[in-house]
């Protein structure tokens, strides 16, 4: 079977992964309406493509907080990559580095940050943080990441509690015995690891904007906040001095009924007024989705599930295939829309369909 | 089979109830478009969730006309609970009391008000009234309810005649011989009980707003009017001195083609201007539906069919399961939307999708 | 099988009629989108029902140009009733008279006007006219109808040529040998009757508004024009002195892509400003559809295909069943919407859904 | 099987063509959403038909840049007609000439321009040009076409690179050995013909508006630019002195996510303000689609896939069948909308549905 577009990787993963793992990656909260809206919303955006512009030399590079990447697609933080491929996050790191883009490693990795760093030396990586009730755990993680050369700290803001994913409950999802949340080994007492590999209630639901100052006190890394969906919170992010926002609804896995990220992007970009960078994850399935997100003001997008499908297909190599397809499709979409470089992409390029 | 969400109870009830009973509970009028709209309308409302708010201590309690309940979900009045479970309304009363919420007992109960009151002493209950042509029957019911400690009188306003429910006609629906409308025994002459357990045309289609004054003369109980769908009627309700409104279309069983209750809620809340409490029933299937209704101004919602599914599953215990699931889902939705108590829920939390 | 609603009659007719006859009655032009829109459009109109109004005495009568009918539903002109029932239009006339409503007999009847008149003496009937190239034919028809006691002349305006109904072409539709367009026997030369029972091109596509004056010169009957869909034409109708308009798209059988009649009704009613009566046909399938049409300004509606389904079921008796169901449903819808008589029905009763 | 409407030809072609050829003709880019939107968009446009206008004499002729054609439908440029019928573009030319309309021959024809011209002497034809990196190739083509009597030069503007058509990639689409891009034989070095019959990257992606002046220097033919979708580009087209615009998205084969052509037509027509002629291709499937396009300002439409279906059915004869059906349907739609000649068609005839 030819791997022509991302749906081919999705079909492969669905067929070859154990059901419990597929269900975990695919899961959305409740009725999965937000998960599905993330994708449907792109179909309501129409291009206004421009013709007869010289697109013989295409430049699809961009910069994330000053660091150049080969094209505006990075790897979003997702957990448990060993569920998709034995080498887990080490493969992810190698693929991202080979393709010269940014990989946001998750707190919930099944490899240590040290293993990740060693797997692909010199790679451009950010570290994603959940704040635990035991703040010492979080502090130690941040400082380990900084010491290992991670270049940004991504704070996930939308998970004070875990969303209700029906299939995981039905499946009684838990990590297979040979997999561990390796970065958190020894961090918690007792043996109960029933909540996605951690003791129940280990995350801190009392985190507020003031904790940005606490994080700032721990590290020199730029702070990017992930999970913002409203202009009010976007303004608060700017006011609290973070360096970037990832517009995200956690792949539709947290509050079902929230907006598609591409819809929320518009009000966040307007609120931020260019003061900090805005990124997006959720629903990116083809090159033209990337172009739409950039046209609406995202500096870069991140892929979650498609990266896992790539890993499930052929590990590092499969993820590179996924990235390469997106890269080719994005370049082609830009050219067909009349843009020779990302700096030519703008709001004029799209309109919202009235449907 | 794990009972994870309300759809699981629905599937169970559909599978295990006699078809004639399932059809009766499921029925909508005519093409069932209003029944189905009640549910679809929630999908067009999007949350605007707020992040990084301290949601470590959640308070989901509210008050109905001053009486505290454990969370803003009560049991709507529905008839014939013995069709779902042998103990009928006694089980309903026990479950509601165990969960510390309000149960609106129907005129069309298959247990007497006395049995209901005795089944769960001290429970918080309202009594739902249809006004009969024989006003003495209605007067006696109201006064019995008040004497038994029911704390509110709910007048159903949308049933001057019974809606046309095609399946009931095809099935020749009637109560099994061992079930009776026990609260109305001896109230009517003759043997014909062909209209849902009553003689034909026993309800009074001449009831008007002036009859509120008549009800007021019969009882000291607060009067809540059920079935209001327009701002004009909401204003009349305020003007006639009732204490509350339940925005309801009778589960889509009366006039097909009317609005979804969540859509009608907006104009009713605006018209009432906070002078009396506004509740809603219809289409509540998960915790986030409750949150949407509260964000649009409902003080509380009531569940009809889901309560019957719970009864059909395991009687009192099954209904508690249903309520507990809704409670957990509601608490989680609130937290994920950034609200630690119901007082923080407001209009800012939702927007209507343009779709 | 119980005959509970009009869909039951439709299913019966589809099952029992010869395919060629069913297809002919069911046919729409081209892709049938206007035919289907006629029905779908009702689903986008929502009631704003009013509660607690005395609906104990219901009056559903109305008047057509001064003549009282039992409820605001008449029989639209459709051709070839013998395809549905052996007695054809004689049965139709009897049913309409028995139910005390108006029957518009078609030029394309398979019974003579004389037979129709004799079948139900004293019935309230209008005559529907196509203008033929041979004007003498049309003149003679109008004068026969007037002499026979028909009380109105309905000019069909939307058929200068016959619409393209694919199934009729595929089926090679033609009348069975024992059926004739009886009112036109002897009117045309030659033997070719290939266009729906007439010689090709016998209708006159040069008819214009000036021909209203010609019709006026032929008869004292009130003239009703059928097939108007725009405000411009509605104004022309008023200016040319007709007595009524039937908003119609010929059941979606002529120009595919035109508006649903219930949508077009709004602009026609506005344009007419109450100067003449406005009626509607197309898409009426239940009592609440009638209520919506009246709320939007129609004085009365006419049913086409449902009348044929009733005939196909049991002739005169079946059509009475259809009318009785509509009558009951209409009365109930009115009551549930809070209207005790047709004079209380108004624009306030409905709103267009944004969907 | 009767060939009643264009869908019948589509079904025939799908059944009888080799899958690889059918897929190539049917292909859209990526998810095919723009391809499908081209058709769906017509369903959202409603006629406002006018009645009682004399339509006994119908005149459906129009003119393209001064040359009369029998009705406002021409043949859009599509490649590889021999995939549909052995005689290829010679049959196409004969059918177009027989029906007295315009045929735009593609650069990617499988017959030479000389063969095309000889097949139907005196036919009205335009030549469609892709500009190659080797400009001498393009120059020679233009001058050959002019010398052979082609009356217009159509520059395709939306293909700096070929769109991503998944099925062609899966099928490994290439021309069968006995077919050649005959007009380009000898034009390129080497043997690689893997990109739709040409060497990879032979088209010039650096073409800009300035190249219009270069084309103008090569030929006296009027220049028509194909692929414009925005008002900005429409204004540029006027400013650069072209004679016509074809609003086109290449049948949805280039940038997926662009607008339906019938939607884009509106803004292009407004921008052009009547200074040059505007045409459209994409999604025309029945006569009423043509009427909608003309009502929105197109001077003429062109058919792509339907022409190929006609060829696949019976070559020249099949294509004439297709054109004749469209002609009959268009004439009928005009008459039913109240227009006796194309000059009576205007914006007043249509409205956009709010759906």
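Order as written gives the chain letters A, B, C and D; numbering starts at 1 within each chain.
The rule we apply is simple: contacts are C-beta pairs under 8 Å (C-beta built on N, C-alpha and C of every residue); 3 or more make two chains touch, one makes a residue touch a chain.
Everything quoted here is computed from the prediction, not taken from an experiment.
Participant: If chain C and chain D share one sequence, what is the angle of the rotation that overlays their CA atoms, in steps of 5 degrees?
Facilitator: 90
Participant: Interface overlap for chain A and chain D, more than half of numbers shared or less than half: same or different?
Facilitator: different
Participant: Would you kindly tell me how far, in whole Å, the mean C-alpha position of chain C lies from that of chain B?
Facilitator: 43
Participant: Round to the nearest whole Å and give the separation of the Cα centres of chain B and chain D.
Facilitator: The separation of the two C-alpha centroids amounts to 60 Å.
Participant: If I count partner chains per residue in chain B, which residues reach a count of at least 2?
Facilitator: 355
Participant: Pairwise, which chains touch?
Facilitator: Here the touching chain pairs work out to A-B, A-D, B-C, C-D.
Participant: Can you name the residues of chain B that touch chain A in the complex?
Facilitator: 2, 4-5, 42-43, 45-56, 286, 288, 292, 328-329, 332-333, 335-337, 355
Participant: Provide the residue numbers of chain A that touch chain B in the complex, in ascending order.
Facilitator: Against chain B, the touching part of chain A is residues 30-31, 33, 44, 157-158, 160-161, 163-164, 166, 169-170, 204-209, 211, 225, 227-230, 232-233, 236, 254-259, 355.
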